[in-house]
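The data blocks that follow each hold one structure.
What follows is a pair of complexes built around chain A, which joins chain B in one and chain C in the other.
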Partner chain A sequence: MLLRHETVLLAVLVVELVFFGVAGRNFGTADNIANIVRHSVEIGLLALVMMPVVLAGGIDLSVGSTLGLCAVLFGKLWRDGGLPWEVAAVATLGIGAAAGGTNALLITALRLPPLIVTLGTYSLFRGLAEAITRGTDAFTRFPPSFLFLGTGRVAGIPAQAWIFALVAAAMWLLVHRTTFGRSWRAIGFAPEGARYAGLPVGRRLAFAHVLAGIVAALAAITYTARFGTAKADAGTGYELAAITAVVLGGTSIFGGVGSVHGTLLGVAAIAVLGNGLSRVPATMSNAGELSGLLTGMLLVLALAGGAVPKWFAERRPR
Partner chain B sequence: MFRSFALFLCLGFVLLTGCSKSGPDTGASPSGGTPAGKRLTIAFMPKSKGNGYFVSCKQGADQAAKDLGAELIFDGPVSPDPAKQNEIIENWITLGVDVIAVACENKDGISTALKRAKDKGIKVVTFDSDAEPAARDFFVNQATPEGIGNALMDEAARLCGGTGEFAIITASLTAQNMIEWQKYIEARRMAKHPGMKMVALRPCDDLKDKAQAEATTLLGAYPDLKLLMNICSPAVPGAAEAVKQAGKAGKVKVIGLGLPNENRRYLKDGTTDTVILWKTVDLGYLTVQAAAALAKGELKAGATSFKGGKLGEFRIVGDNILLGEPFKFTKENIDQFDF
Partner chain C sequence: MSCLLQLTSVTKSFGAVRALKGVSFDLRAGEVHALLGENGAGKSTLIKVITGAHQPDEGAIEVRGERIPSLTPGEAHRLGIACIYQQPALFPDLTVAENIGIRLEDLGLFGRVRWGMRRKTAKELLRRIGADIYPDAEVRSLSMPEQQLVEIACALGAGARIVVMDEPTASLTREEQQRLFSVVLGLRADGVGIIYISHRLEEIFALADRVTVLRDGESVGTRGIRRSDASDPDRSGPTLTENELIQLMVGREVASIYPPPGTQPGATVLSVRRLGCSSSGVRDVTLEVRTGEIVGLAGLIGAGRTELARVLFGLTPADSGEIELGGSLITIGSPREAVARGIAYVPEDRRRHGVILEMPIADNMTMAVHERIFPGTWLRPVAERSLAERQIRELGVKASGPDAPGGSLSGGNQQKVSLARWLATKPRLLILDEPTQGVDVGAKSEIHKIIRRLADEGMAVLLISSDLPEVLGMSDRIAVMRGGTIAAIFPGGSDARTVMAAALGQAVGAGAPAEEESPC
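Presenting the complex of A and B:
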């Protein structure tokens, strides 16, 4: 097992960096690296909290809609509620926790499948955001001190990258160094076994979903600060982008296997690919389509790469 | 495992800091025009890439870039992500393009990114739908509300021989641009065509089915109706279908603002008489010509006219470059267009 999934993915990332460094126009500049980081923070944050949910054998399709709802309510609290943006931001984190708590309650108390529950809240949260704004109202003209979070730099590094690094480090410790991480892994590996072993399965799953809600709210804040506008369509499709990064990063969609650094590599590999393609003269005008295509291929290869050795191992004559 | 995570963090850090040493001056193009001899790079962004309307804009944009010998980058959102336009613009800033031309999906959101581009010395034009005026140099305006209103009313009066009843189907009674058009339709009617009488104004929620139902109701309620004027694009084929099914093709005329492909069938079988829009290919062509002239310093604020390559002179009012009169698509010329 020399070729661990993460090692292969790291190699893919290095190949991408070298290739685009050579073939891409102004790819390796500080400003462009900052762009790549800025543009992947929200999907990265969602991927970081999607990872434990998937690790525990679940899924959360509602994180993109939670982002949209939180962005709109943050705008509402700030503009119409007259709250300072700092207070509105803290309240928004609470709203995110409530959104995640709704998922948690339905999944653990009512024992409903996460796929169905979060498919429901995926529509519900987006629908609420649209109802609050009637689909057209947009919150804008935020104060510069708030926009700094999305557009400013601290010590030369994009402001939101610090937030992201902090969440990434916390998630790494949580998943790889605490009993929470071990229990998520155990639940994903064998839910009944975990139950018999005396793990508080319901509470552990609930925690993962509440965490997903809180961090989705945090992503709503960095998104609004970067974009300068909060509208009901914020974060559309981000749930799938986050799941893609998590699965590409080596977390098994069946649960039980996965790592936070793998997820980070998954996010980076996709972000660098998209940005790099828009800088190579031959692919400049097709970057969006090509990066979708290549990400898909990468994903299929990554999954097949994991399955092929197993296939051979099972058929090896004894 | 901790070691691999630490390694990863270090790699990220080295990337971030290491690259900042590699020269911050390479980020954007030098301000104040392009050095002679360098090929002009024009970045052109539609609201969405697959939309037939913008694909036809691209035909014109490609032609203009070829005529000018410029490099054209055509990119825009593929998926419905409102922040995507901003991300692409931010990437173009660091790519070092000379000028950006964009059809804005979200006026407020995109203006901050466009202002940042302007700060870096990149010229900005908008087309089709504008950003905040401070965020761009010029807006290539495809049609003024007055031009649209006049064209629709004149065409209606021409088809009805100057007298008769007509009804309007709109998207919604609150849509700002449609209210504006109705104002000019009414003004033109009073001034030039007093024999025409508007008997009804119905909303269709931008839905073809609803427009068809509304049109059917109108045909029953107003037996003397001579013409249906449809000012949102789904209503044109919707109304045509209603007229056709009622067996009144030719007796009740159908006109409106719409896309040629959606109305081709009805124009050809004579149900719909005229579809009014602008030449989208010309819109793309003019936009790229204006963008190039702006980047070269040939087009400056305060100009009152502009020569758009092979298309000739265009009028500039304020900071709007006007594409000119709307274009009428009819049975005779529809085969020349595909969008």
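Presenting the complex of A and C:
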């Protein structure tokens, strides 16, 4: 296969960059690029951990709600619990792990389908976040040292971009260079086959979901630091954005196929599209709707692009 | 006697496998024609040709003297061909009357259901076969044999003149069998032609007028049977005895194409005592396998051989009995535990369980030894490749290289990859489940040589195979399974007829007395 999915996606990204670079206003400025990065870090983080879950043939619809729950609990621990924000942040990662662990337990121990389990926890976690804040409470006035994570720069690069880069590198190594990634792939292709090969199928699936929970908590922290507030509606709809990026990035929704760099390209293609449209005068006023429309088209084209050659191949006379 | 169905020189191939090699078969009105053969002899394929599920590659099908150019399932239904499967295919949540109505009524779009009529028809049909079933009962609440009777009622209502029954008694008790037999004989008296498939010889001798034996996709002959109650002189061909029938099924002599054993078996590796697993129907299995020994596990499909292997490999853990491996009592709760203990299982369904088709050969070959070759979880591509290349060389896998996806290989080479995966674990006990099924002749004998070499190197091998000559030719001892347990154990080089008789439940020598088989 000469035309890899990732190559095509890279070309799409380059076309986007060139087009918006020419047609957009102040698109290519350092400030705007930093802006794109800041805005896509949370969805990017979620996509990075959604990827192994999907690779192993599952799905996690609850990551956006986990982000919301973690943001609220982080605020609660810091403001009402009186913990220093650093301690609260570490505790929040633990809460994320517990949320992911809940999914993992239901999926692996009770053998319930991930779609149903995470659809349930999607409502459950968001509902908990709303119950804790009674729907109105918002946590604000975080110390500057914390807000720096969402607004500051380190070596000229947005602070959260460093976190993102670190997670991305770790995920790449995990998926492409360790037996974890190998097992996820095997489970995604053939869950029964993986079991017959003696792979620890349940443990590997559980790990992917716990990881998703932890990184969703991390995203809750950068999200809160970026906006300066923690509310129950944090990260609403992010799970679908993450899944879109993962699938656009070439990870098969049926499992087995996919790469972390593809996911990164998927995140970038969507982020650049959204930002770019808001920089082009003709599309500026309705950039939000247009970017949704175009992302959808991109996704459908990407999926059809993969399916059409196969369709023809299957109908070729033998 | 009028001929209902006539098949002439029917052939059917699936890829390189020739399932039917020119089979001729005929069915007369008012007869029970038994179809017999070992597993994989072509019975199911022949049935599927008759019911229109498979189109034959060559050959002619005539129904009541009329040539049918292309028989589809719809066409078969219209011609009055019905098939009663072992597992009835009814809608469990609908009532008996509704199930019958769905099959028989042609409502069309916006058709109106006439409930009274539907119920009356159902009642009438059930009465005709003497079934005491309430038409408004939900099918879910019926027993398996009652569901079978509903199926038969459907066939009758559809005006079926040709009824295929595929192992109808496999899950019935004795009384239920007797009731079914009287229904079958009733149909026969009405002039229906019945094709009856069963592994139980006593049934065939009780019911059948004629029997056709299939072997390796060929018909080895149709014979008349002198039924116990028969007074009908109009029987063509010689009648035969049970022994002759078994001989027909087994056929060819066991050729000496199998590698000879090299060493004497040594210490006991695996010893199981009264092993059972109620969920998979394995019960009371006592068996030993020693180093350097190949123990063949013979039996019919559903006899519990694969189920036993799954228990030993931890896929369905045992719930009774003892497993002793290398002298110490162990439990095996999962495949991982089995692997850790040195048990390897090369599964029967290599496309679903043996090889991950989408993944490269190298990945497949190292899958069971991740901990060993990738310490610290980091992949080591160099070590992986060299292991894969060595295995490819040693087992003679024909592939473009270690990166070729498993699915790109032929069946025999996939089997070698599956085998290589397990050899990499250096097992003490190797369980092989149908290792040469769907494998071409050349690869088959290569696999045989590999198996023998492994045994000679000191591995204990449990060889499951439905290929009787293979079991007889390869094994140092042969354990015959039936009804989830070991029915008999024979020394290597035993007579095919003796082994087949034990598998069929005919009391011969050391064979256990025939008894009810547990449902599978």
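Everything below uses one rule, namely that the second predicted complex is superposed on the first by the 318 of 318 C-alpha atoms of A that agree within 3 Å, B and C clash if a C-alpha of one lies under 4 Å from a C-alpha of the other, contacts with A are read in each partner's own complex, and residues count from 1 in each chain.
Quick note on the criterion: a residue touches a chain if its C-beta (ideal position, glycine included) is under 8 Å from a C-beta of that chain, and two chains touch if they have at least 3 such contacts.
Everything numeric in this text was worked out from a predicted model, so none of it was measured.
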Overlay on chain A: chain C relative to chain B, clash or fit: fit
Touching partner for A:G256 - first (chain B), second (chain C), both, neither: second
Touched partner set for A:G296, first chain B, second chain C, both or neither: neither
Touched partner set for A:A194, first chain B, second chain C, both or neither: second
More chain A residues in contact [chain B versus chain C]: B
Chain A as apex of chain B and chain C, Cα-centre angle in degrees (nearest 10): 130
Contacts of A:A287 with chain B and chain C, given as first, second, both or neither: first
Touched partner set for A:I33, first chain B, second chain C, both or neither: first
Partner chain(s) touched by A:G94 [first = chain B, second = chain C, both, neither]: neither
First (chain B), second (chain C), both or neither touched by A:R182: second
Touching partner for A:P84 - first (chain B), second (chain C), both, neither: neither
After superposition on chain A, the shortest CA separation from chain B to chain C (Å): 13
In the complex with chain A, residue positions of chain B that touch it: 1-2, 4-5, 8-9, 12, 15-17, 19-20, 22-24, 26-28, 49, 72-84, 86-88, 90-91, 93-96, 106, 108-109, 111-112
Of chain C, residues touching chain A in the complex: 315, 335-336, 338-339, 345, 347, 352-359, 363, 367-368, 370, 374, 377-379, 421
Sites on chain A touched by chain B in the complex: 6, 10, 17, 25-26, 28-35, 37-39, 138, 140-141, 147, 151, 156-157, 161, 165, 169, 172, 176, 223, 226-229, 231, 233-234, 236-237, 259-261, 264-265, 268, 275, 278-279, 284-285, 287-289, 292
In the complex with chain C, residue positions of chain A that touch it: 177-183, 185-186, 189-190, 192-200, 256-257
